[in-house]
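Chain IDs A, B, C and D follow the sequence of writing; residue 1 opens each chain.
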Amino acid sequence: MQDNWEPKIIAFVCNWCTYAGADLAGTSRFKYAPNVRVIKTPCSGRIDPMFIVHTLEKGADGVMISGCHPNDCHYNEGNFNARRKYIVMRALLTQLGVDMERITISWCSASEGIKFANLVNEVTEKIRKLGPYKDFVQLNQSER
Amino acid sequence: MSDNVYMPYLMKITDIRDETPDTRTYRLEFTNSEDADKFSFKAGQFGLYSAFGGGESTFCVASSPTRKGYIECTFRVMGRVTTQLRDMNVGDIVGFRGPYGNFFPIEEKFYGKNITFIAGGIGLAPVRCVIWNILDLRDKFKEVNIVYGARTFQDLVYKDEIKEWEDRKDVNLVKTLDPGGDKAEYGCSGWNGKMGFVPTVLKESGIKGDDGVAVVCGPPIMIKLTLPVLKELGFAEENTFTTLENKMKCGIGKCGRCNVGSFYVCKHGPVLSAAELAQLPDEY
Amino acid sequence: MADLYLTHEKAVQMLKDIAQKGIEAFGPVQKDGSHLIEKITESSPIDFNYFITNNSIKEALFPRYEKILSYKINQEGVEVEDVAVDKSIVIMGGHPCDAASIPLMEKLFGWDFKDKFFLQRRENTTIITLACEEADKDCFCTSLGYSPRGEIGSDILLERVSDQGWKLKLLTDKGKEFAKTYESYFQSSLDIDKQYPKLSDQDVPVQFDPKVVKKWIDTHFEDPLWEEIASNCWSCAACTYVCPTCHCFDITDDATMWSGIRTKNWDACTLPYFTLHASQHNPREQHFQRYRQRINHKYSIYVNLFNAISCTGCGRCSRACGAKVNILEAIKMIASAAGGK
Amino acid sequence: MEQLQKKVQELLNNKEVDIVIGYTAISETETKPIFVKKPEDASKLVFNAYCYNNLATYLTRKDIKAFNKIGIVAKGCDIRAIINLITENQFKREKVLIIGMSCEGVTDPRNTDKKSIKCDVCKVHNPHIADIVMGEKVAETIAMKEKIHHADLEEFNKKTREEKWQFWKEQFSKCIRCYACRQACPMCYCNRCIVDLNTPQWIDTRSNPKGAFSWNLVRAYHLSGRCIDCGECERVCPVNIPLMLLNRTLQEEVQRSFDFEAGYDLEASPPLTVFEKDDEENFIR
């Protein structure tokens, strides 16, 4: 693993809670790792499991998904539906041999800036230890 | 050119014109001058235009072969490739593979005849190529009639050229809009053309078929309704030409997609006479 | 030339050695209860005890997808690079019905525009075919003028002489050249097992006359029999992808912001959106119209274009069909409808 | 099977149904689907242990849906598919006349002397919902509320993560993207499948390793909570990819997390369209 390798993590966050939480982390000057690229979605319900697969295919080393706590959803049931999708997707990805350590799903409210910052740091360190995620990249290279 | 038949020419966009909110015309010029000199095509042929990264799409060559040094294409924004094409601007590179297919038999069948063009909506693009080809050699032909219709004023393509044809003395232009197509919301301030569908307007236009050749292009439903009218007006089926617009991917007879019975639209077509069309199975 | 023999073990070793030398070797591998023609690597489970492979050798010359050009996009514009087709290939494990499809496809890929990806690759390829020792109810190569021991399209024909080996029959210069370069794998004698050859042309009865079939097809485009033939069809592409003579393809791009490739991928006339226009009009909306196109193209259109039927009677499409649509039954229904044999 | 033939002839005679989808024999050990419209063709109908096709997949085909009353010969697993299609509003219950066949289990298509493994876990040897039931009662081996458990899955789950990844990478490299698994599946009736869309291009349409992986993943994922374990996808795969391992994983997960099994209850709504406040979320931070 080249020494200057930096883990590339993509975070799909819900616009109403986690994105606001991330904003709060920024305005309160919390220090957290720059490895996370944040993608804003209207709700965690909008985060389709295909996002995870597509992101890993494009070469990401880790994926974070975060939305509002149950009962806080701006659309009332977005995160409840999302939760069921993740339960099913986790089972499928585990069965397919995808490294579930690299996928972190969390609920962060708009006031939990500190939780978001700590989560990002924790995930970045974990992925740094796990190293670059080669499985999917090798999948692309083995083209004819 | 390499021996790879799928290798496109590289062409630069030199002019962009928005015909309608979702239809655009590009003028393309070769980036490589040798290609430009060697390149030639006939009216009616088509090509495959590539937006690199999006894929390839099949459009006709809309400019006349008598206009050297460039080709034009008109396309409606429908899917992946056309959306990417629309997002390009002057100076960008577009791929072009062609010219493919057969062409209108201008020398053999059109010289010395009355020519009647019938087009619907964006179907004017393949016809326009033939119109300018004829008008650039105007003295070789007798009467020239153009019957062009579109759903609404907004959907008329080549508006300025229609104006030009209207003003010419040696061209009889009949333009029409589908009923209700001249509302202000379509940007129409006063419509001096006819109102009604192309087949009916054609019947009332008084154009006769004797010693005449007809060229028809437009949506399949318009072609199916126009051909009987042309027969009524005395146009012989062998002198009525249309183009078949099937889905095409390779353009060179390999990918097995465009056939109507044994007629490969990309190899034996796209231009065919009404007589040939009648022989084909009803699968287009 | 003295007789040459090849045993199973030597054949396995030969294929693996050829693969080591950077030549693309294709051979029969046994996976999950059936045999497939696949590109051979050191670990491939090569096995020669089979009746017929699920897929055909067409994959070696007309792969499921292949790069036809690549390009780089930058400020100045686009640079397009051609793709060289220079690898030599050895294919082993097909039957005479597979090999017979190659000359058929050469006609199409050579029609006016020369598709170098198929034609040049065919030039670089040596085809070693196994004569058939078995046939089942779906085989009908003899009805189309082919034979279970046919030589059309092959460079070398292997005729089984025992459970462990074959006798070589060199058909073309390429075949002779191959035998010379790899003579260390062949031997001049092998104990012959009298029961071979087990299969001859008579064992595969001729079941219809293609001319009668074509005549009916040309005159019965709107016949309700087509709906009955394709009643079970659920429009997948299993039959076309395992077929040795089906050659339809799609062209798509795969690119990032700054570079990409254009590829030729398998496509099938039986798939619902094969002929969908941008205006959403689909000339072949119904499943039976698509299946009619499949038979029409093989038994009539190809004859009109190239004076050859684009089908070698291998029966793979019938075996692969989950809906149990059987092309031999379909053709026999057409033949009987035409009042012929 | 005269009882079936006589019944279908009667149904067609007095116009109770416009068409009956059933099985007809190709040989001693093979049957195929058949569409009976004329009463005299009813004599071709059979029902035996070789009727492994799931006929429910034809109910959503355009030309069949055009009939207003469809009869269908159906085993327990096929009826589960029909019920699931009704709960997903594909057609009303009255549109389908279910001729339920009690079934001891069908043979494994790839070797016809072994019973298919799906029949070992079948709970509906006797049709649970039908307009007509035929054949003698068969002893049910598994109670309805018992947790589903698949032996082949238990074996597979012993693999480590890397072994699983290698296994599927190897299996999916065979995939030729013929979509037989999709077209054979009664639950795959989408007008434009995600694979048939290219703006945006979610799934690579080539049969390269990347495309094959995401295709097989999205196919299994879109069947979670809907798959009725009929095994057709695995049967029709021309290159023998063990697709049921993925579907069975999801069936067991859906039962464990949402206490739901597809195709038994006409009133139940598909699990992914509803939720419970207290769905377990031990993996969410």
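Everything below uses one rule, namely that contacts are C-beta pairs under 8 Å (C-beta built on N, C-alpha and C of every residue); 3 or more make two chains touch, one makes a residue touch a chain.
Everything quoted here is computed from the prediction, not taken from an experiment.
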Intersection of contact partners for chain A and chain C: D
Relative to chain A, chain with the most remote C-alpha centre: B
More contacts between chains, A-D or B-D: A-D
Rounded Å distance, chain B centre to chain D centre (Cα mean): 49
Rounded Å distance, chain A centre to chain D centre (Cα mean): 34
Distance from the mean Cα position of chain D to that of chain C, given in whole angstrom: 31
Whole-Å separation of chain centres (CA-atom averages), chain A against chain B: 51
Sequence positions of chain D contacting 2 or more other chains: 198, 208
Shared-contact residues (touching 2 or more other chains) in chain A: 144
Of all residues in chain C, the ones touching two or more other chains: 65, 250, 252
Residues of chain A touching chain D in the complex: 49-50, 53-54, 57, 70-71, 77, 80-81, 83-99, 104-107, 119, 135-136, 139-140, 142-144
For the chain D and chain C complex, residues of the former touching the latter: 26-27, 30-35, 53, 57-58, 61-63, 110, 174, 176-180, 182-184, 192, 196, 198, 204-208, 232, 235-236, 238-242
Of chain D, residues touching chain A in the complex: 161-169, 173, 194, 202, 208-210, 213-214, 217-218, 220-221, 224-225, 245-246, 249-250, 253-254, 257-258, 271-272, 275, 277, 279-281, 283-285
Complex interface listing, chain B residues touching chain C: 2-8, 10, 12, 31, 50, 52-56, 76, 78-79, 82, 92-93, 95, 219-220, 245-247, 249-250, 252-262, 264, 267, 281-284
Chain D contact footprint on chain C (complex, rising order): 31-34, 36, 38, 54-55, 64-65, 137, 231-232, 234-238, 240-242, 250, 252, 254, 263, 265-266, 268, 271-273, 285-287, 320, 322-324, 326
